[in-house]
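For reference, chains read A, B and C in written order, and residue numbers begin at 1 within each chain.
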């Protein structure tokens, strides 16, 4: 049990084999830390979480060759009832709210906030100091750069033909400093330019140029 | 314990009386299997799930006489932190994502995918090989036929007068092969015809004829 | 253990110190009741819940001085996989659905229903006999009066400048008897007047006068 020196564990915690918990780590009650998880110094995980999940699917879902390691850096705070997959890395000082879910092959850079019940799908990268608010849905194959603000309940998709024909899945690209208002809808593959603003409730069917402000359904410049 | 032959149970699993687990079933850590649940061969349930919940309400919610049995068929995969009610049946090879919730008196036919954090309300039927994506809200009293695609964050409702007067609750009817784009809004009782397409972010106030394509707020043919 | 007289506890329940459970309280399996929680007579809490969470944040989130007590009144029903923070009070006969999350400094008055996976953010007050349906997002600093109906997936925000400049955070004010249709979007600080109706999918950028009916994007009187 040498790898658990200076670690605080709640009641009924389950820790599988091949787990590395560094000094100062705290794990809440009833949380499950699965095989292959590495949690660095002073990171705190809440109660009833499931950390280090291996991807699976049914016969109608795409395969996956992700790494079997989950790396959570120093001073991360993870809420309660959270699920995080293996094959993902989470940077220093990141905050992840209660009920959030983060899939495999995701990279989240330092100081970013992921709101409660937000969902980050597979193969997505999120930059530094972003704010992803409550109940945001970040689809798979999305690129979010640094200091992006995504308001509550924003929805994205990555499948242009909704399963009707072959298509390379492609989520949005959201450039540095862009802001997306609450409950906006982003279609597959759109780019939101640097420092652009998407209004609350807007439906973005085409890319938005840097610093532009776009509102309405369909979205048009203000 | 004869009924648990060939079953794999995680740590701290709770199994109440009157539960039947067939050979090859796997139950993750900290999951709770409540009275009256029957899980068929080779089905896998993740960690921290609650399976077989009995309906309850407060003095302002409608009553319910559902069956006390939950039937989950062969080769089903259920994620983590999922809740499923009694009085429901789930077909072979269904996949149910993490954080999803499925109410009582629901029938989901084989090969369907229910995305993560999707919610299926009571008295709803879902056909074969449907894709219900992440964070979709399927209201009560809804009929979804076969091979329907529902994109992320789609919202439905079934109460035309929003609690202001008596009304027979009636969800949408979504016919075979229809596709609904992400974050679309469906009003009570609308029918989406066979192979019709509803655009992302559209607000559907009237029924859509087969093969039509409808976009905008309010929705109109393209 | 005198404070647990007449209380029913499921398996693997964790109860921290300084918890008061009155007669007739029931706690489901694998639930966690944290320090400073007081639960009154005949209240029922489901399985795998986390109750009485202390607020925390990272270096980019606002501080909080909330009380360390959570008060849940008589005859409340709380579902499964629910999270509730300390510094909050929940009135008699309230119903809280599965997967819901309620933050600190929230007051919910008697007979109100909070739907499954609904999220109520901090510093918010909700009146008597309201219906907050499934997956609703109630932002921080919101005032909801009595007998308000909020349909599924309604989204609100409280940050006019999306983190770009200083701004007093201000959620919507929703007056007595107002109804909000499903997947509507409310911008920061708007007032929805008494008995007003907001249509499904509407985007509300300006306040709505009493008894008015507003639809569309942007919202305009019918």
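Here, contacts are C-beta pairs under 8 Å (C-beta built on N, C-alpha and C of every residue); 3 or more make two chains touch, one makes a residue touch a chain.
Values in this document were obtained by computation on a predicted structure and should not be read as measured data.
Visitor: Is the contact between chain A and chain C built from the same residue numbers on each copy (over half shared) or from different ones (under half shared)?
Guide: different
Visitor: Roughly how big is the turn, in degrees to the nearest 5, that lines up chain B with chain C by CA atoms?
Guide: 120
Visitor: What whole-Å value do you get for the distance between chain A and chain C if each is reduced to the mean of its CA atoms?
Guide: 24
Visitor: Going through chain B residue by residue, note those that touch at least 2 other chains and give them in order.
Guide: Counting only residues that touch two or more other chains, chain B contributes 12, 30, 48, 81, 99, 117, 135, 153, 183, 217.
Visitor: Taking the complex as given, what residues does chain B use to touch chain A?
Guide: 10-12, 28-30, 44, 46-48, 77, 79-81, 93-95, 98-99, 111, 113, 116-117, 129, 131, 134-135, 149, 151-153, 179, 181-183, 197, 200-202, 215-217
Visitor: Using the touch definition from the top, list the residues of chain C that touch chain A in their complex.
Guide: 12, 14, 30, 32, 34, 48-50, 53, 56-61, 81, 83, 99, 101, 117, 119, 121, 135, 137, 139, 153, 155-157, 159, 162-164, 183, 185, 187, 203, 205, 217-218
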